[in-house]
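Two complexes are shown next, each including chain A; its partner changes from chain B in the first to chain C in the second.
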Partner chain A sequence: MEIYLPLLVQGLAIGVLTGILYVLVALGLTLIYGILHIVNFAHGEIYMLGAMAVFYLHVVGGLPLVPTLAAIVLLSVLLGVAVERGVFRSLRGQWLQLVVASVGISLVIQSVGWIVFGIQEKSVPSYLPGIVQFLGVRLPRERLLAAGVAAVLVAGLYLLVYRTKAGLAMRAIEEDEETARMLGVNANRVASLSVALGFVLAAVAGAFVAPVYSLNPGMGLEPILMSFLIIIVGGLGSITGTVLAGLLVGVLQSVGAVLFGAEAAYGIVFVVMIAVLVFRPAGLLGQV
Partner chain B sequence: MTRLARFLTLAAVVALIAGLPLPPAAHAQKAFKMGAIVPVSGPAAAFGLGVQRGMELAAEDVGTMTVGSDKYKVEVVTYDTVYDPGKTVAALNRAVYNDGVKYGIIIGAGVHPPILPIIRETGFLDLAFAAAGRQITNSENPTVFRIMASSDQLYQTYLVSVVEKIGAKRVAFLGPNDELGKNDGKLVKAQVDTMKGKGVQFVAEEYYERGARDFGPALLRLIAHKPDLIETDGSPTGSIALIAKQARELGFEGYFLNSTAVLEAKAISDIAGKAGDNIIALRIWAKPPTELYSQLAERHQKKYGEAAPGTMWEAYAATRWVADVVQKTGTFDTKKVAEALAQSTYPQHPFGAASWGGEKAYGAKRQIVLPIPAAILKGGKWEPFDVRAGKFD
Partner chain C sequence: MAFLRQDPRLGVKAVVLAAVLIALVALPPLAEPYVLHVAIVVLINVVYAEALYVIMRMGYLSFGHAGYIALGAYTSALLATKLDVSVWLGFLAGGAVAAVFAWLLGMITLKLRGIYFSLSVFAFAEVVNAIFRAFDVFGGPAGIANVPRPMFFGTRLNSHLGFYYVVLAAAVVSLAFLYRQASTRFGFTLLALRTRDTEALAESVGIAAARYKTLAFVASCFFCGLMGAIHGHYLRFVSPFVFTFFFSTDLVIFNMVGGLGSFWGPMAGSVLLTALGEQLFAAGYYKSLVYAVVLLVVILVLPGGLIDLPRARQAWTERRQRFSKAPVTTAER
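Let's look at the complex of A and B:
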């Protein structure tokens, strides 16, 4: 096959948009890890719940999109606070127990999901149907919308963490919890806020990715694996690193597939990721 | 109880739910246990749950069966394989050695290679819900019966006629990069190559990681070869719909053909929407072929609250068929039952009368032969495309 420029440009565009979707999913994961050092394996299930909530509230229930999103945010906050207070808090600092706990939560949500949501794949109609054509490159509007939402969330998260008092408290806890407590930071409240925010990010990602893909209770698995890869390569806890790594993975996967085939592209992604970690063990923007 | 203890209790419960056989719904004094050795969690769970439900409905219908002078109730015992070869080996071992299960439905061409030695050793009667071909059903595995159309059976029955009917000249293949996908890709290429004289060409093939949801880059490469038909065999329902949707986004206007692994017709039309137009799917009935088919669809909807999945029908028929043969032979000896089963026919299959073939092709009469439908998606609705006998010597 002749690889010509328009094909590569289209591949690059797909890669960037896919990378942004990865970033959207990985943001909440990096936040929770960054602040509390919890590897939240249930993140994919919260993402799934966000997508299912859109299906049941918006598609089946006929609730307009904005109130649906508001309900998703509210439910995610409640769930996040409940999980932090009921499970994560008593295990804080016990890495292995936290891993087992989050895997347990993930399994319970998924198992209940198959019973409650059923086995048939579900779909959410596009919020913004159609294609944008630019210099011969075709871009689905629904992906552009998801990319826009991701950009807003990245900016919002950045401002929250680096420009607000709550963000300062989060960073203080991340840096040294004991000292932060002595200085009057309410560590429990910060932890609840972080987990709730992480859950909101995952659920909102699910809500905006829902029209792009199909929905089933197992849909969280693939993005969560990719998200782990991205936050490790980006540097655990680094928002900017997550963005860079997400884009890198998306572009490598897509352009690699155009040049060498989809099968080879998986290998290329992992070879590059391993190379990054060999030269920068803490990830692109992580701190040792 | 401390929080940690509470959590550990919860984790133990989760582990039990995830890893152990699920208890049967009802316990009979004498039970004819049939294993649903299938994925009921993970990405392929929908396939397994469909089989489990088909077996449950069949068990209800069989009621009490008489074998020799004793009465038995069919009991469906589910073992979650997560569609993983290692876990399937463990599940089969548990079924056979711990629970004394000698009959069952096992899903997946990819999980079969490591379990075939166990089946040969124990004589487990495997009603294989697995595509591929000779690798699974052959003279070395006399207790393995394939209860769905095999890949080569489907291609022989349909590929040439579909290509001719739609006037396709350039055929491409996109499938998962596992044993099933690779095998299907090879078979499609071989079939298309037989049409070279008619100006039909196999132009490209691409394989994706099972579970992937972005097919854009692979489709870009395929579409660059200007196919007018893309085969998507071995792909699950969600993937087929997403492939169609993403291919249309890239400007592809041709047909799609899917011969295997179709789960549910409605889901494809729902997910792909307008982009799904001109998906041709084998094994999808646009109109109910029998009264039983309609009744089962209704019962499934009532009992499980959703449309019947594509794996339900064959699982239902196979369970009833085997129960019939066990009763007729008057023994649970799997080798004797296998011999009798191979010689039997089953007119009550929801798809129409079924029998066994494959003696010439596989060296063993263990391949189901039954009517195979083809449907085409138009305006979000499945329309009949063709129905063929599925004859397979």
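Let's look at the complex of A and C:
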């Protein structure tokens, strides 16, 4: 079989750029899982809302990009706190009810999305048109921008979790909630913070992919599916594991799509997940 | 029927059950086609919901049962359209294929804690859907058209009425099995695996928990595959856009809204919501919205589901009496 090498390298590069955006979505899930021990199925819808907010505020409303992003961050913090207080808090400790409730929230957002936004696909013009050529690899600038922003956010999250007091509180709750509470950590506030942060990451990821894909209220399904595969491969609750697995899944999917087609690439990623579950059930870097 | 005799309320239960069965058998010839259609959809959904209940009862959550239903529907549809196999055999083959795939995935994932299972079943269903969409052998995005109805003594069951009895028979047999299963040694063992602590306890007395859980999942998916095959032949086409994530979540919603406390919970949930959903069918996304809102309200306000309503009402009244300023004796006669 003859494979055109530059195409493969191209696939690899696109894979890394896509992977880092998956990382952004999956990190929010990891963060929420670490604190609340639930997998938030509504995450893909927050990503969709981020993209839709860009369309309605920036494209339709004519708001410049930076205020739009600020508005998106603010709205997702509010939504995150509202969801945590209104739904997650009263169900704490019942994982089945929590997961089902997050699915309920996801369905509410998505069906309201279809009703309000309509079935018409929407598109957002590129923030940064043009193509960068480097060693025979051609990459759209907007993808580089999105990946750059994602990398900065991931680094910021690392600093927040490992270098600040709020991060210390999060890690304390994750490790031993009872002791952390006794030492004066406000568990409710930490829970709100982590859900809000997770929502911000997802919404920002959505905002930066808006020019790449066409938008519809069902667009959250693919990133949420990839994120689930990523957090299983990386290990539930492990931040570094999520980052590595996200890049790996992005590359596998992109290179797999070049070699075998997009749907078969899903199959490949799925097989990797099964292999991880068989040989290393806790994930690459997770602890049981 | 020794197991029935142990129930002190046998008389009432048996009379109600017999009355419902007689009504389900005798009334349809009088009903309009639309009513028959709703009845068929309700029966199919009840079996799906009760099949899912087998694993929800042991504390496992699946957002991928539509994948197994799709496997059943596609197997039977392909056998009938491409290989001209008898539809009746196709039904069983549909169940069998779903069961084999359930066994393969269950072996790997059911050893792990609940959430890994939920996520991998979800991923499995999405991959199954993507594969059915991608390859022309499976009909691609258009699906498979002209799926035939079964033959019955030389006539094809093309009328709603004829097919209704097929669905009814399959549903009654499946539900009887699923109901009976819950009160066997196997069913009680599943109940014991509900939490991590009780699972450890069960294993300590020599119960092979993983094997029981896998078997439960296989049974659950067998009935979904079987009913999925029947469903495909009812619709006369199968398409990847029928068996989506939303299909899976509907089944979870039926279970949660009805209540996980007893066998009758998922049945109540699926009958009520399917009947309601058929009324909202033309309203498109409003149906999904209504389901989701009902789900959230039930989870937050009535954790035991509709089946728990009498007990919850009693608890609410008691609480109101305790907190009300009026003397207890005059409250709520």
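Here is the rule we use: the second predicted complex is superposed on the first by the 280 of 288 C-alpha atoms of A that agree within 3 Å, B and C clash if a C-alpha of one lies under 4 Å from a C-alpha of the other, contacts with A are read in each partner's own complex, and residues count from 1 in each chain.
In the analysis below, contacts are C-beta pairs under 8 Å (C-beta built on N, C-alpha and C of every residue); 3 or more make two chains touch, one makes a residue touch a chain.
Quick caveat: nothing in here was measured; it's all calculated off a predicted structure.
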| item | value |
| --- | --- |
| Chain C versus chain B on the shared chain A, clash or fit after superposition | clash |
| First (chain B), second (chain C), both or neither touched by A:V99 | second |
| Chain B versus chain C as contact partner of A:L221, first or second or both or neither | both |
| Contacts of A:L7 with chain B and chain C, given as first, second, both or neither | first |
| Chain B versus chain C as contact partner of A:L236, first or second or both or neither | second |
| First, second, both or neither for A:L65, with chain B first and chain C second | neither |
| Touched partner set for A:Q253, first chain B, second chain C, both or neither | first |
| Partner chain in contact with A:V152 - chain B first, chain C second, else both or neither | neither |
| First, second, both or neither for A:Y266, with chain B first and chain C second | both |
| Partner chain(s) touched by A:L277 [first = chain B, second = chain C, both, neither] | second |
| 7-15, 61-69 or 331-339: stretch of chain B that collides with chain C | 7-15 |
| Touching both chain C and chain B, counted on chain A across the two superposed complexes | 87, 90-91, 97, 100-101, 104, 107-108, 110-111, 114, 221, 261-263, 266 |
| Residues on chain C engaged by chain A in the complex (per definition of touch) | 56, 59, 61, 63, 108-109, 111-112, 114-116, 118-120, 122-124, 126-127, 130-131, 133-135, 245-246, 249, 252-253, 256, 284-286, 288-289, 291-293, 295-296, 299-300, 303 |
| Partner chain A, residues of chain B touching it in the complex | 3-4, 7, 10-11, 14, 17-18, 40-43, 45-46, 49-50, 177, 204, 206-209, 211-218, 220-221, 224-225, 237-238, 241-242, 249-251, 263-264, 266-267, 270-271, 273, 304-307, 309 |
| Parts of chain A lying in touch with chain C, wherever the complex brings them together | 38-39, 41, 87, 90-91, 94-97, 99-101, 103-105, 107-108, 110-112, 114-115, 221, 225, 228-229, 231-232, 236, 261-264, 266-267, 270, 273-274, 277-278, 281 |
| Chain B partner contacts - residues on chain A that touch it in the complex | 1-2, 7, 10-11, 14-15, 18, 87, 90-91, 97, 100-101, 104, 107-108, 110-111, 114, 118-123, 125, 131, 138, 140, 213-214, 216-219, 221-222, 253-258, 261-263, 265-266 |
